[in-house]
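Next up, some structures in structure tokens.
Both complexes below contain subunit A, partnered by subunit B and then by subunit C.
Here is the complex of A and B:
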């Protein structure tokens, strides 16, 4: 990397240029390595899919790749792992070789013999259940993906294409820009070999071990469990059924679509309302000049953030109760009574689909708006007072100043907050879960609650189907995060992950 | 307040500051009134009628019931236990992991960092995680609610951001004086990061104290429920234990207050630590 003002080569991770002292922005050329890794990971997952067949007949398990000999499969998986490792180690030049090897192995295996298709289960000798396969031709396979066997193949192909594109771009960049870092700017450790570095940092590996174990157990192991999305898994013995669940989700399950729609609707409207309210409150709060009053107000409006959703729900359940013990209904009844209305019937704010959505948004604004102002207030306090003084001399009034100085200064933060929260749109769960009930199921059911009730709400859990719904949610959510990350880098030069 | 404005700007009294102040008094009331109402009802033996803002018949029986009834105080103790153990574990993981992540020259550092960050983009979701817990035989143990929340990548990255704020020259000086990497961690990083540790520790405590989802999914055993679960079944499902002659509504209100009490007491004193975490998380340059 070069300094923009004096063109000196910069050491790695430099915050300022050692020669001229200019600040170095971290916005280096974007690394497409991520694409290569993602592609390799997808292809790798594709390679793992056959294991969900859970059959004793090991060789049949590889049939999705048309490989009768598992050795092909091993080579393929090793090549992919090597690709990922090489990309991570910034040896893009070598990683294209391994990717190509994986591709070739796959292609060879693909065309070498007729395809096997899963054809249901059969009662074998001695009461054992075995999976039965038919041989099919490639043309059948492409027209026939739903029946199951095609899925792994498609995943692998998509993964390989993405990986090759990623690696290829990285390679181009590598040739375009030869990096020569002047050795004198590097720390002395750069001259040591990798192994002596590993030895030097040995205790750090031990330090990282706990976090590593936890992440592997509770974050990465569940990811392997996503393979159940392609299986029929009712209590025990998952077996491979391909994309049947996704087909069912897309065509047959109206509850799924309602849940998806509700998730988007509830969380996006909530996001807009919360951010809008937080901006308005921050702008007004910024105008308060009495420090003690301002601090007190801040303390009060941050308060609800620390209540759990259960407490918030309980609180509103108690004050929104339709009987005479509910504060809001009593208040409404009195007001109505004043105007000659009929005060006898309380409103079921949380038990009536007509009111539930509105109540949900109000409760969310009540709980999170105050906390949402923190970032905006931090930005506002950074605006130079000189700007306001200059504007005042030019005859700007309070609203002119707000319109032409404060709001533009806030724009970036507003976008940032929006992006940060947009990435979490699909995570909507607890706030809905604690406020929902049977009466408002149709308007309040979101993807996560759908999965929860389908699995734990009594009845026979179908882990396969709910995992498929979960996988759909995870993928949409992951795509959203990546888009938001990209947007965030564009807007403020720093990603969100 | 308005006088100050008058003096400074040498203008006539403005309406805006007064209106603004009134707006914020109203907003504060909107926040406080629901809480106040629940506090009032928790002290009211008759768990009163809608628009009363002072207990009619003052009594502390609701709280007495929460403190003495085993069905209610056991979940509270479980909450305390999970919060204490979980926060300590989480803080340990975050601190150690974050210190490793600032070792930019360590072989494999980028791999570890990407590995952690990837979990923020993609996750296995509810059911596969449940099945993992099942395989690990953690269902119906407190481990199932402590472990998944203890590894919090967001907090770990936050801690890393704090650590990166420590001037690099300090590390170099210590290194030159012959301090080992571990020595640097214990003698320089930790003492300089007290504020960060307090801030992130509080975040963990809030998370563990308020945890409802994990208990709901992984715990099926009455004797292991935490206070949030108990509160929910109390208020929402009217699952009332035998409370003697006390009005169930009073108990509900009292339980709600007890659930928020620990943080309501701590919060005014520690507000800056809470706020700090948010700012470091998002506005880091």
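Here is the complex of A and C:
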């Protein structure tokens, strides 16, 4: 066994390190208490949900976000963040205290602080628009018969209980295999504490700091805006309305579910087609022995990837136009004699819902397949020629070599590419946006275009609603990532995140 | 342990500040802006921001020179204007984003009728009624006869429910009239005299279109969408929509109704469907931008085009000449069933409640736009020395260097466009034909620069149009109109492309957004 501080080999039953004097702990490295962390996260989410809910009007909701003394909310969040940090630092017992403090803050806020009930807008000092609020106490809210305890209260209580109880359960140990290796043979990093590791590599951490700040500033800071999903945010001055947006999204929005269905359908089919086409083209390119021809073909099929979607859309509008300027319809009409010989009577590929989806897939395959072949070709170039030679000696023909050597070698890459792209299926926007129009709206509207039109389609946009849609999209994406990670572990033996 | 606690405390404090900063602000109210109309001494603003689309000369077309020139003309020449120039096609996306937070809100913004009514009803625009009543422009006696029609349309409902003036437009809104190519007309066996100056019925008009379609074996009309993006919406296919109203309007009984659900709209959609089926209207119209539609007209792929009147009449003609095509266009009278063309409500210059000195901005910026002198000239024609000049010189446009035009000292003349030197500059933000006030000496210095085609067409449109009626914006309308309009557009496209009958289209419309429409109507008829 080694000293965690200086890595000196320790004598058996030593209480302190003979070299540096650091205390020697009998306990091995502990696992993260994920149940406690999950509890804190649940309690954190509960803080966004309504503590009191009007039974008739879903918009009338009361929570930390419209409490008259928001300091309670800040303290509550700080306490929960401290809980999470303590768990991460393996100081679980201390986290019980911070969780309990969060509970006390919640109770005080819930029972003592008045809630600010939105009561319209008015022109404030200097002509600016401000919100009007009425202050109401919990007792008044619950006594008028119109309100009941909201789900936020239950979620917070459950979360806090889980956060405290979770400290005593080590969930991860059931998923860990005992490696039965003496600690002295393990790497130093495993034997050391987090803080000593950070100190040991401090200059690397200093070098990492700019990247960390960048990521925090541009990737994580904007996430704080997710709280607007629980507000009515019309032009300015957001105010809390609980889960109204999620309720409306699920029950009353005429475009939302169609957009969700279209997003999944278009993305997944596109992914399958693009990956499939890229594999086939890679296999064909791999079979070409003339290097000049191969490189030329590769360059030609890569080029569309570098065209912007706006240019691509304009190009295909022209090619697919139902007029004499449309190449496809002109060919069908004048060469094949279809449509009475008049291309103007031809198929309106981008304006007819029956043809739009197919056209969309074809355009995507044309644009992105070439680029998609890069990874596959790189994998193919790594296959040992000896395998092919051995197969030839065994009498394998070209097709059999592809079937028994090339394809199996590609399988791992295909799965990796597929899984990585599956996690991005909810991000569909630009390609659809430039090709859609009102005539094909029912089959082309996806979540991102839905958000765009909700925001910029005229009228008064509710940024709260569109944030709620964005949050929903993120949650679905997150679930897909987890599924992909699980699938990756099953198929490849290791995860992708 | 102590060290750990210290470190954790440090991290905790950092996170505390982060979370506190993030959590702050949802109840923020601003205090800097001053939108009061109370009487106080009007001082010259030191600086302010102006957000405007490409109707003001773009920066690639001498915009910076215009800013500099305007600066020398305003106040004592020290007013610092920060110009915000979003991309033209995404202008209202940028406006929406700017109004998202008070610190990004411009002090002055140019808004179309819909956005004007929306932001006024939401309380974000400064009430300039009193300032306008006391303004030099209003009391100058130089306003044109129809100025009141334009300015009355700018009286909209504010946050307090009162109708007031929250924006000012220095020009008439203009609108679209229908241009017919003479060559197409003659190819179809008709004469110019068959249409020019005559009021046709829809049947007569449609027969001419069908004759053209057969003669040319091509679509005749390729419009920028089956429906326009802003009020009055129906202005790109007016002969087909006729009296049909796209949105809400006040009926004869004084109550608001949904124009889209009326019989007139159903008939209009049937007419469009028939025209698309007959090959008269281009089915690609659903995909067309205004630029696409214009290009098809210039490329002789269409023979009839409903587009902006006035200066655009000259531009269309010039473009056809450039392409080597016959450029004779006949602007036809509104057909009998249509009655008159519709003049849109002019875009309005508004001062937001974010502005610190709205009275000063009004006096030194907005009220000077029609000063009848140098500032009005700048807004109509651009910067002296860049877009126009009065010095003695020889002016040539690119490609016609062998045909210079000589001008004497003091003679007003336009210069080649900085962006497209193959032609002369035509105008800046205010179309001289549409200006709401005349010049002080009664003579527009650039009158000679306005072509006869533009002038004649402008007068023709003025005599054959009425100003659109503004619909008040209620809370319910502001919240639901984007969904309702989207459904309307979908139905128009589906019916036009023959996917469903007009009656089925209206039924689908009512089944999908009927409850939202009812909610809006209820609020309008309160």
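List of remarks:
Note that in this section the second predicted complex is superposed on the first by the 253 of 497 C-alpha atoms of A that agree within 3 Å, B and C clash if a C-alpha of one lies under 4 Å from a C-alpha of the other, contacts with A are read in each partner's own complex, and residues count from 1 in each chain.
The definition used in the following text is that a contact is a pair of C-beta atoms (placed from the backbone, for glycine too) under 8 Å apart; a residue touches a chain by one contact, two chains touch by 3 or more.
What you see is a predicted model, and the numbers here were worked out from it, not measured in a lab.
Of the two partner chains placed by the overlay, only subunit C lies in contact with A:86; subunit B stays clear of it. Of the two partner chains placed around the shared chain by superposition, subunit C is the only one that A:441 touches, whereas subunit B remains out of contact.
When both complexes are overlaid on chain A, the residue A:463 reaches subunit B and subunit C alike. When the shared chain is aligned, no partner comes close enough to touch A:338: not subunit B, not subunit C. Of the two partner chains, neither subunit B nor subunit C is touched by A:291. When the shared chain is aligned, subunit C comes close enough to touch A:231, but subunit B does not. Shared-chain residue A:217: touches subunit B; no touch with subunit C. In the superposition on chain A, contact of A:353 is made with subunit C only, not with subunit B. Counted by residues of subunit A touched, the larger count belongs to B, out of subunit B and subunit C. Of the two partner chains placed around the shared chain by superposition, subunit B and subunit C are both touched by A:455.
The contact surfaces that subunit B and subunit C form on subunit A in the two complexes overlap at residues 89, 221, 224, 317, 324-325, 437, 455-456, 463.
Across the complex, subunit B meets subunit A through its residues 1, 4-5, 14, 16-17, 20-21, 23-24, 27-28, 30-35, 37-38, 41, 47-51, 92-94, 96-97, 99-100, 103-108, 110-112, 114-117, 119-132, 136, 147-148, 150-151, 153, 156, 180-182, 185, 206, 209-213, 216-217, 228-229, 231-232, 234-236, 249, 252-253, 255-256, 259-260, 263-264, 267-268, 271, 274-275, 278-279, 282-285. Note for the complex: subunit A touches subunit B at residues 12-13, 37, 88-89, 187, 189-190, 194, 197-198, 201, 203-205, 207-208, 210-212, 214-215, 217-226, 228, 281, 284-285, 287-290, 293, 296-304, 306-311, 313-319, 324-331, 333-334, 366, 370-371, 374-375, 378-379, 398, 413, 416-417, 420, 429-430, 433-434, 437, 448, 451-452, 455-456, 463, 466-467, 470-471, 473-475, 477-478, 481-482, 485, 494, 497.
Against subunit A, in their complex, subunit C makes its touches with residues 3-4, 7-8, 11-12, 15-16, 19-20, 22-24, 26-36, 92-93, 96, 99-102, 114, 118-119, 122-124, 126-127, 159-160, 217-219, 226, 279, 282-284, 286-287, 301, 353-354, 358, 477-483, 485-487, 489-490, 492-494, 496-497, 499, 512-513. Remark: subunit A residues 65, 70, 73-74, 77-78, 81-82, 85-86, 89, 91, 116, 121-131, 195, 221, 224, 227, 231, 234-240, 254-255, 317, 321-325, 342, 344-345, 348, 350-353, 437-439, 441-442, 453-463 touch subunit C in the complex.
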